[in-house]
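Naming follows writing order (A, B, C and D), and every chain is counted from residue 1.
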Amino acid sequence: MKTFKKVVAAAMSLALIGSCFAGCGAKNAKSGAAGEYTANNTEYFIGSTGPLTGDAASYGISVNNGAMLAVEEINAAGGLNGVKFKFEMKDDKATAQDATTGYNSLYEAGMQISLGSVTTDSCDSFATSAVEDNLFYITPSASAAKVIDGRDNGFRVCFGDPDQGTLAADYIVETYKNAGVIYNTSDSYSMGVYEAFKAEMGVKGATFTEATFDAENNKDFSTQIATLKDCDVIFLPMYYTEGSLICKAATAKGCKADLIGTDGFDGIADLIDSKTVSNKVKYITPFDAESKNETVSKFVESYKAKYGKTPDQFAADGYDAIYAIYNAMKAAGVNDVTIAPSDLCETVKASITASDFSLTGATGTMTWDATGACHKELQFKDVL
Amino acid sequence: MNYFKNIKNAFKFKNCINYIIVGAMLIISLVMSSMGELPRSSADLLAQMGYSILLAVSLNLVVGFLGELSLGHAGFMCVGAYIGCYFANSLYEVIDSKLLVLIISMLIGGSVAAVFGLIIGLPALRLKGDYLAIVTLAFGEIVRTIFKNQPAFGAALGLSTKRFGSDLYIVALIVVLISLFLIQNIIRSKHGRAITAIRDNEIAAKAMGINITYYKLFVFVFAAFFAGVAGVIFGSKVTPVTYSFFSFNYSIEILVMVVLGGMGNITGSIISAVFITYLNFQLQDKLPGELAALKYLVYAIILILVVIYNNAPKLAALREKLSISNAISSKKKSKNPAAQHDDKNRWDVVPTKIPMDEIVSTDLKQEKAYTPDKPEKGGTE
Amino acid sequence: MLSTLFDGLSLGAIYALIALGYTMVYGIAKMLNFAHGDIIMVGAYTILTTLTMNGHPIIGVVAAVLVCTVAGIVIEKVAYKPLRGASPLAVLITAIGVSYFLQSVAQLIFGSKSQAVQLASFGTVKIANAEINIGTLITLVVGAVIMIALTLFVKYTRTGRAMQAVSEDRGAAQLMGVNVNKIIMITFAIGSALAAAAGVFYLLQIPAVSPTLGSMPGIKAFAAAVIGGIGSIPGAMLGGVVLGVVEKFALSVPALAPYATAIEFALLILILLVRPIGILGKKRREKV
Amino acid sequence: MSDYVLETKNLGISFGGLKAVQDVNLKIKKGQIYGLIGPNGAGKTTVFNLLTGVYKPTTGTFFLNGEELTGKGQEKINHKGIARTFQNIRLFNNMSVIRNVLVGLHNQPEFKCNPFVSMLKLPKHYDTEVRMRNKAKEILKIFDLYEERNNLACNLPYGKQRKLEIARALATNPKLLLLDEPAAGMNPNETAELMDTVRYIRDNFDVTVLLIEHDIKFVSGLCDEITVLNFGTVLCQGDVEKALNDPEVVKAYIGG
């Protein structure tokens, strides 16, 4: 009877293993070896991974919405020489592990070009695979330096962490006397901006006070505010969830400092208002939903119509990334729907870095250089 | 000559079912790969299954066989992944062979994790049950916190590692086979008996002269080693290695594998590790948005129902009625030990006091009859 | 310094309130209710729901206490009662299951995103050079009152004494006519109500709620209960305050701040190794 | 070499001021079956716990074959040659009968086998396992448990569980065997059988037996000498008949 049980167990497990292969095998039974996956494409396939669930889900969802909107607009206008685009984002929960899995699934499904991933760790992982396959990626929002460093096929739409840190340091040194910074030691984005901020403050010969937190374990910011209570400005390189708590803690502690956030800060307006926070709050962003600019207002209008809410910067980044790809492909005159990822990569790379290529999108006018970094204007936007 | 007889014994079907399962996975995938029909995602999934099996089986050693709950298994994996891959990064500069680097780094990662196992095993000598569980949980968190603040390991950015490539699954599954060989041999030896004796009744085991200290440390170190190896495999597949992956949630996911497969049942652990990894893969896109929480809801329900079903004193009769083995072997009932419940002479449950203090006197006694792997019968038994 | 101390005390009061629930359930039902922290989250979401329905914060607090009490009783009945008499390992695993259950249900209903909850806002007072938030002071005072009330309840009421009896020796208590099931149910009810109270104070300090809100404070509060000596009400208070103050002081030193959580857990391990029964725990002898 | 297998000198322990056992002086000769009796709560099991290292004595010392074992750990004391059974049976319930005995054999020098040898399944591993099993079967046959060897221990009838516990203790090859109420819960037939078994193992295993028992018939039929404990102190010691008729002992038992 023991033996019988084991036979049952063996049969079960073999069935399970079998199903695993069946599941994956069926999809590309026709296609055979890698590289030929794109052969059946009838649309240009843009892939991406991002957090659609979990703590960071709002970023992934925004990028997805923005990108979908752009693809719909392009397709409605007839696509590229009559060929439409398809965009798909796989959920990666902002983890490296799931980004790889998502990449593989997309690649097997015929992805030709991509938006990389939404968050830094995932995008690093996505990019590692993309380099192996020489697949072009332009990430809307993964801002850490290492995401595109040393990777020819990597580009981005957002600002890099160092740019923001430097800019903030310059601005703070000019405007304020006594600066402070709070950053999140458990987050690569926060750390990246902080490092650049610190370096620039050093260059300027300015001093500042600092405090840290660990968003995983710590949501009470009274101690950090107490450390910085004499500052007249506190720089907050972080996402808005923690940012909103710090703003509230500052008010509760009677701290009068101005609070300056980074481009992860939009969305904070939902969480704070003048009743709960008496400090002045502003953040750095290339995107202003209230802008009178024609491109921006058109984007904001159609986004509102489609999703019923005001787009945030991530949505705008996603939107622009799709247009960057579209315009670059258009400029290069791509005209083969079954073009292999590697060939497409070389073509797009050449056209996007061309000196005459620029894109005026929802986040301003952008140009790219060979490192993959994006050049555009930043602005400070007031929340409160 | 006994040796050859016993070797023959070891090849009996029921003694090598676990090798058959893993071996079949390996062979099928190799055949498919040689025909060019193995998609990259499947190869990736297989490697993932490989380290999941390692984790589940090694945690089963601690939970199922030693009877102590460890909630920090992901912590050992974290140590292995960070340390092993850190060394691998430097080794790649010296050694050309990717395989050799992987093997060396697995040994390094495993060994360092084993050292941590020794450190966490020390409290295990004084603590039991819930207290030990909390200490292991604390350990997992401490390890993560330390790694995420070390610039040498990339701090919050994570440690960038070099991927082994799509052949990783072959190495992973072979490592699983080797590990299963080592683990099962220990379980089926006198040492395994001593370990299960500690689980069943620590006081009696002590009185029988079993060196509790030695065996508890042994199990923690042994299990930590394999978790560390699993970490290196993970790090050779995923880059960057970030602290956030090795959270408490992941420890729980491993625990779900063990509980679902049956505590003290290695075959069960293998099957449920494969099943849950596959489920995770399939559910990645099937549950959009907040629906992803459904997965954890299912895990939670599995944990609750399986444990209640297997342990509730009131369900003992039901368990016996529904037991697969009973239903199948009704003919052999006379040989079934469970049938002896009817024995008139059986002393009814002695009303025992509930232990006063869980620290010093809890027996982590299982209500349900265990089905540990039977040792091979030594020839003439 | 003083400001850090007050912050620590106020955080410690929250830990202590959660730890009280842990310690009562552990002392009486002999189980580690891992889902205790998630009861806080249930309470916090109840308050959020009341506030979004334009209810008065006080109604929210009352509703939170009621919902948590009921949740505690239901959890006990459904998940833990069938396992009475089973191994602690099985009960602990079930409790982890319940914890996950609550978190994922909350996520399905409310989403994983953190949401702002503004219960009330207070000004600050100046005490010897330090700006102290009035909310902090309220937390400290009310926390202390609840703890004293609980101590009196356990010492001087009939139910409280029955609890002590069940904690000492469940079998003997049953023989003496104590309805053990009822006492354990009451314990869960009280423990959960305390968790709701802790949830209210948590929201006063950290005005945001998410499905995983309770897990880390829950684990830390258990650590507090263990440090103080599990089963002991003054121990839970002491442990909570010690842990809160340690956390805040660690955070105020830049070099230690990133390791604050690790330091707390290391303290737990250290105390368990040096004195496994906790600071105020009573020693008990092994039965053979 | 001392004359006595076990010798205790003023052995005592107090729990927080309460003297649970004090001034126990036992002298047990090789090959004796020695009884330890007394009313409930007299401290008999506590003496066993002292002798097996569960408690550390607060006063006094004890020697096994002249070697002092006071304060040693449980495992160590077992290695030195004292094995015991428990008043409330403590078998490895989820292990088969034979495996219970195999655990008892675990530490015998002739069955030494390094974990790494077992891990790699070297010939020595098989050799050890086979020899251990043969030895275990021998022991099981003596206790008439051979037929049940593959049943789970918890499924044995009560009498057999008692026997199995003795078998398991014997497997550790003790010089002194401590039996804590071995006949409790047995019917007269089983008790008689158990008396034969105890004598058999004394004669064939070169072991001295110290036992706690309430059944006076069992004690007087089996023991060579006894010690009567009351309230943790020795009431009377020596020849069985004489001790049982001692007025103090009668008073302690009947109450007064």
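Observations on the structure shown:
Everything below uses one rule, namely that contacts are C-beta pairs under 8 Å (C-beta built on N, C-alpha and C of every residue); 3 or more make two chains touch, one makes a residue touch a chain.
Remember, predicted model here, so these are calculated numbers, not experimental data.
Considering every other chain in turn, the ones in contact with both chain A and chain B prove to be C.
Here the chain at the heart of the shown protein, by mean C-alpha position, is B.
By count of C-beta pairs in contact, B-D exceeds the other of the chain pairs A-C and B-D. Averaging C-alpha coordinates per chain places the centre of chain B 38 Å away from that of chain D.
Rounded to a whole number, the gap between the C-alpha centres of chain C and chain D is 47 angstrom.
Computed centre separation for the pair chain B/chain C is 32 angstrom, with centres defined by C-alpha atoms.
Counting only residues that touch two or more partner chains, chain D has 54, 86.
Contact with two or more other chains is made by residues 53-54, 57, 185, 214, 216-217 of chain A.
Residue positions of chain B touching 2 or more other chains, listed in rising order: 141, 145, 148-149, 203, 290-291, 293, 365-366. Interface residues of chain C, counted against chain A in their complex, comprise 3-4, 7, 10-11, 112-116, 118, 121-124, 131, 133, 135-136, 205-208, 210, 216, 248, 251-252, 254, 257-258, 260-261. Partner chain C is touched in their complex by these residues of chain B: 63, 67, 69, 71, 122-123, 126-127, 129-131, 133-135, 137-139, 141-142, 145-146, 148-149, 203, 248, 252, 255, 259, 290-291, 293-297, 299-304, 307-308, 310-315, 351, 353-362, 364-367.
Chain contact summary for the complex, chain B toward chain D: residues 2-3, 6, 10, 182, 185-186, 189-191, 193-194, 196-197, 200-201, 203-212, 218, 337-338, 340-341, 343, 345-347, 350, 352, 365-366, 369-370, 372, 375-381.
In the complex of the two chains, the chain A residues touching chain B come out as 1-10, 12-14, 16-21, 23-25, 27-28, 32-34, 52-54, 57, 61, 90-91, 93, 95-98, 100-102, 104-105, 107-108, 120-121, 124-125, 128, 132, 144, 146, 184-188, 190-192, 214, 216-217. If you check the complex, the residues on chain A that touch chain C are 53-55, 57-58, 185, 210-214, 216-220, 222-224, 226-227, 229, 241, 244-245, 248, 251-254, 270-272, 275-276.
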